[in-house]
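Okay, so chain A shows up in both of these, paired with chain B first and chain C after.
Now for the complex of A and B:
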């Protein structure tokens, strides 16, 4: 097990190194440097600058050194917790990222806290009896919520609960301080979208287990139905959903972009979009490292969890 | 014939304008605006024509009067994009200037009534030929450092704008361009380097500054309220957000790009003395700008998070009407300029450009997007709201004519063009372009509308061969033509170069007689219109909404925030 975790972490470091190197190389082009200059100084100012003045600006921003040198400096900085300074926001990336990750973490926490029990419950109940009314209802709701893009769900919820009934604030910018009510619509949007997917996977897994020989034998033996479900079916049926749920962490990190931008929630997704539009290389780099970390970490959790849920699975 | 006018109206252009006023060739409002520009007090000008003057604060300060019921205190919360504060001379967004406007002030201030009044200057006068302008700097204006503002400070700022290393768009303004001459040198891109003429800026004494221009300039005070002309302290070094020293009543408190910009009242100077603001009472404790993208500002207002917002789009008007607040709509010259680069194929062929322009019905596009509101554009960038607008015959759509021109240009099988659209003022840009696309189809023109994020568009606005650029309101038609279409000027995004146009514009700018100036500007308008450089279908109104507990708010056509006398209940 330790070997598995060690190899995954090594893999993660390798991926981080390769991706950050590629990003640095891409963002080293004249085009991207000019993009930063345009965003900072304005289009006219850049077109009016002489080559000499432009070079002076590059020097001031530390963009005139060869990219491999900048890359090595950056790697050395990252090793000490210094992710550089944001061009757009003019502040250390580490501080910026920490605040935003906490915000997105809170959002994710609520999403998982609601989505996991809901989707498992609906999925298991639906899968217990294929073709039953509860199965059809769950399938209908799941397909409906999953097929609606997040942006459409966000608009519908805002129109109904914020602009119509005025029960909740229409945005989550929280300019007057932290307000839990402001989190309701973003959380609900993400839960609705994700719920359908996990519920359907759980339903499929449960249905498969319910059709297996050992469950039929258990039922024919006269074991109580409740016991068959709780003791025999559930554990096996949850293996596939478990992996999917853990991998949702990865999805959530990119899925929050639309929701955070729509609701103006100052989280990781909004930071990533702002940085991409601005060409804010150090923020993009740091955000990429976080994304790789989350992807690999979720994979490790999934692998480890698998071995506990299914003792037959062993990793060499 | 000029008649005897009261003191303050001595300038021959004012006397001439008064004759036109009496003959019914000039409106009262245009006369007031012009008289104020040329040194007369706006209040006297209002009185002279018999219109009620907007009340001003005590001591003829350029702000609304103090409300006896006004209560001090409170934080005015505004939804707007919170942007970087680098160098005010290179500001490229009005929002940036709003963040700095209550700290860095201007030589002049144009009010919501479109009349320009002295601000850091207490008065000015122009020579009869409009080539020499004398600004009397207001005494007792204190920097946040405790020093007094002098004519040297203003001179230092103007020199800084003129310096090519600053890369300020202010060099396109007549007031700065008139001070420049060709140095005979060329930059590394082959463009002639312009420098200040010898003796162009004269500091007469501590409180008197004189500008000697090489051509008549009527718009000098108005130019000095263009948003990148904010006056900075002589210790200024970019970024502004690191050390914001001004003469205004607020300074930067909290600031995070893309998050918030909180301005706090200045009570002490940097050296610990009491700060005395020259502009009288200011009621707010703080002005807090919160970052909201343009699409989300109205939702922030709806939730009660903010008292007002930068602006909202026409698509949001119905929603705004359903909210408890006061909607302000201002008639403006803000527009979309769907301009073609005349040095980029296929737009190098004038017949192609003319075919594109002829295939569009500007009025229908305007009505589709703004309904009854706004003005129809005439493809020359001067708006009916401009005081120097010279009316031309209405444009007529001519599909057959467009087809014939395309055939003559070798595009008998049709023409494919792409327009880049950044929706920088909202999705109505796209709506307008899509309406144009549908109209062009009838003439055999296949227009592809390439929509991109606003930030991306501002990277390419002056590079794309065919782009839909939003231009903000400017008080004069000559001003916008000088900034955008004179040969070789920095903001000439269409790369238009026509000596006949430049000459007509020069003549309009040099014409002191107001009515004759309109006629001369109409010549320049016609040249630009005939050369088919742009489709400009709409001059849009700007909308904003203000909570009912905000008192003293006045909407401004350029969306410049002037919050000195606002108070909250």
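Now for the complex of A and C:
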């Protein structure tokens, strides 16, 4: 187990190194640097940028040192918690990232808090009796909500609740400070989308367990139905959804770009998009590291959880 | 087999039957409509009685058990008749009443012990549940009872088992746990649905012994469902033979075994290899035709199209009722003509065949070993490796036109040996010579077409080896072209037809897809494919063990016929000693990767025996009431091949074991006769003094 975690972490460091190096190399090309300079100096086009201004800009930003040296400096910085400074916003990347991560984290927390119980409940109830009305209903809802793209759900919800009923603000830019109400629509959009997926997986897993021979044994042992479901079926049925849910962390981190941008919510996904459009190399680098970290961490959690839930693997 | 039926005494009449099925009908409802699974089933089970239900797959025997439990899934339902449990109709019971009966008054043991136990719960909890929910005892009391029950089913170290998860114990132990679970609340009725089919034969013998013992001790009534007539004979006092959803014959064991009165029962017995059967003098007779599908059953007698005694106007007039064989007797048959058929006449028997003379040596195996190295978990970290000796120093020869059988239970290495021969795995040491070619280290990719076509294989599961999207003719044709037997399309077609003739399939089967064929037909295609390149030698790895007995007889007969015609050498790999006795000329008995005994069929089945052979022979159930068997106890279970015991591999279970010798040094080879070898520390005269295990006595 420890060995597994160790190797996963090692893998993670390796991926981080390779990706950051590649990104660095790409952004180090003159073309990119000039583009950034233009963006920042407020010029009109790359062609209008004088060589002199460009060199001065490089000098100012500390970009005139050779590539590898800059990379090593950056790595050394990261090791001490210094991620560099954003070109666009002129703020330390670490601070910027921290606030944005908190925002996205809040969003994800709410999504999880609603989606997990809902989809597990629906999935389990549907899977308990294949082909029953509740099963059909769940299948219908989950296919419907997952087949709608997030952007469509977002538009529909906005039209109904913000523009039509005027219950909620149409965006989550929160220019006048933090507003919980603004969070409702983005959370709802994501929950709707993800719910269907997890519920369907849970249903499939529960249905399989309910058809298994050990459930037949449990029923024919004369156990009360509640005991059969709660003690015999649930634990085995939740193994598969558990891994899937943990892997949703990954999706919530980067997959929310559309939603964050649509609702103007200052989260991690939006930061990443802005940075990519601007060419804000240090922000991109740091964001990538975070993304890799979350991906590997969720993988580790799901592996560990899986072995814990499944004695066949734990004692193999 | 002199046991008399336990009940049937005068006192039986004034007791209520434990279970009574009256005209029970069960159907499954599918999109295609209603499919009757059990039709007009009757059964009366008195306290303490053991009743067997036999039949081939699809005959509805398991449905009967589930119907008794009132558990038929979403699309099954009892559509007629009654099931009375201790006088009360179970169909009128509420869910709660049913729940109280299930697991406490009626308990069940299933075919697959591993799948029947919850993989994520400890054994202790799964057992303790029974008294907890049925009798409301305290947790402590429940656990204590569970542990003592484990002791009663003779599991070693019950404490450890209690704390284990199901996958941590062996298959035989799992089945003992399931039996313990069933017995915990002292049920009046125990349903056993093929309880030993998934187990090795020496383990099976132990479980059967246990079932008999506990049934006698607790006075439990049994319903024993099996496809194996031999097992029914060993366990039950009465039986019902089922065919296509109907009971066709029922009665006391000895009435049915010795005076069967239904052509299907007779056909079934005719296709089982009992000790008297002989592939030349008394070949087995298969039942022609196939089991009808549930929604395509013939009018009148379901067995009609396959029956030699069929007469129009009578056999096809429904309804067919059960007839008492003699007035007032409990022996009944569903055949309308039972009184006219001359049952003493020798069965319309299969023609006697000439024995084949064996020819030159075709295959020479010398000191062949196959070791696997496994690195696992923590062992890999510290660099420790374990070697699995899947095959250790295997030596034997096989001649032209001869059938050599390799028998053994799981983990004995027989399948590994086949893989090495086929070139799917390299040998670790030793020689394998097919004619002049050395095969031991010639992987199949490096074998030329000719060598490959000389050595072919028939697999256990014909379903897995046929490509589902190609026609039968296309698949056989491909093999013909690949081996360069023919290349001209017309000639290939002719050869395909010829091969279909050989395996006795209609020629227009060439245009069919595998899914349109039954299991037995697929196995014939597998055989046709193996013989497409005119092989010198065919390895048949459990070719009939996935098939029903009546089909088995047809497939083994076919193999024998082709062999006779083409003088092919057959290497027959099997766990089934009855089949092996029937068709092998020479037998190799393996245990944990090593040859324990080697000799002609005659030599293997009579003393001197290797202690393992002796145990194996005693464990095989025989469906012949006149045969007597000497009981030999084999303790415990087959050790894991990854941790074989030192010295003699059989020492952990052998009751002749000599301390300090058998568990230290590997046994020497004792030679009797020309090619009869026994690997054992026992002295030659001790081995020679053994009594025969199976004796064909007079009818009991």
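Methods note: the second predicted complex is superposed on the first by the 308 of 316 C-alpha atoms of A that agree within 3 Å, B and C clash if a C-alpha of one lies under 4 Å from a C-alpha of the other, contacts with A are read in each partner's own complex, and residues count from 1 in each chain.
In the analysis below, a contact is a pair of C-beta atoms (placed from the backbone, for glycine too) under 8 Å apart; a residue touches a chain by one contact, two chains touch by 3 or more.
Bear in mind the structure is a predicted one, so any value in this text is a computation, not a measurement.
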{"item": "Superposition on chain A - do chain B and chain C clash or fit", "value": "fit"}
{"item": "Partner chain(s) touched by A:8 [first = chain B, second = chain C, both, neither]", "value": "neither"}
{"item": "First, second, both or neither for A:217, with chain B first and chain C second", "value": "second"}
{"item": "Which superposed partner A:131 touches (first chain B, second chain C, both, neither)", "value": "second"}
{"item": "Touching partner for A:163 - first (chain B), second (chain C), both, neither", "value": "first"}
{"item": "Inter-centroid angle chain B-chain A-chain C after superposition on A [Cα, multiple of 10°]", "value": "150"}
{"item": "First (chain B), second (chain C), both or neither touched by A:235", "value": "second"}
{"item": "Chain A residues touched by each partner, larger count belonging to chain B or chain C", "value": "B"}
{"item": "Shortest CA-CA distance between chain B and chain C [superposed frame, angstrom]", "value": "45"}
{"item": "Partner chain C, residues of chain A touching it in the complex", "value": "3, 130-131, 212-214, 216-224, 227, 231-232, 235-236, 309-312, 315-316"}
{"item": "Residues of chain A touching chain B in the complex", "value": "34-35, 38-53, 88-91, 158, 162-163, 169-171, 173, 175-176, 261-262, 264, 266, 274, 277-278"}
{"item": "In the complex with chain A, residue positions of chain B that touch it", "value": "77, 84, 86-87, 90-93, 164-165, 167-169, 171, 187-189, 239, 241, 256-260, 288, 290-293, 296, 299-300, 302-303, 305-306, 319, 453, 455-456, 458-459, 461-462, 490-491"}
{"item": "Of chain C, residues touching chain A in the complex", "value": "69, 71, 74, 99-104, 107-108, 110, 112, 115-121, 129-130, 133-134, 165, 167-168, 178, 181, 381"}
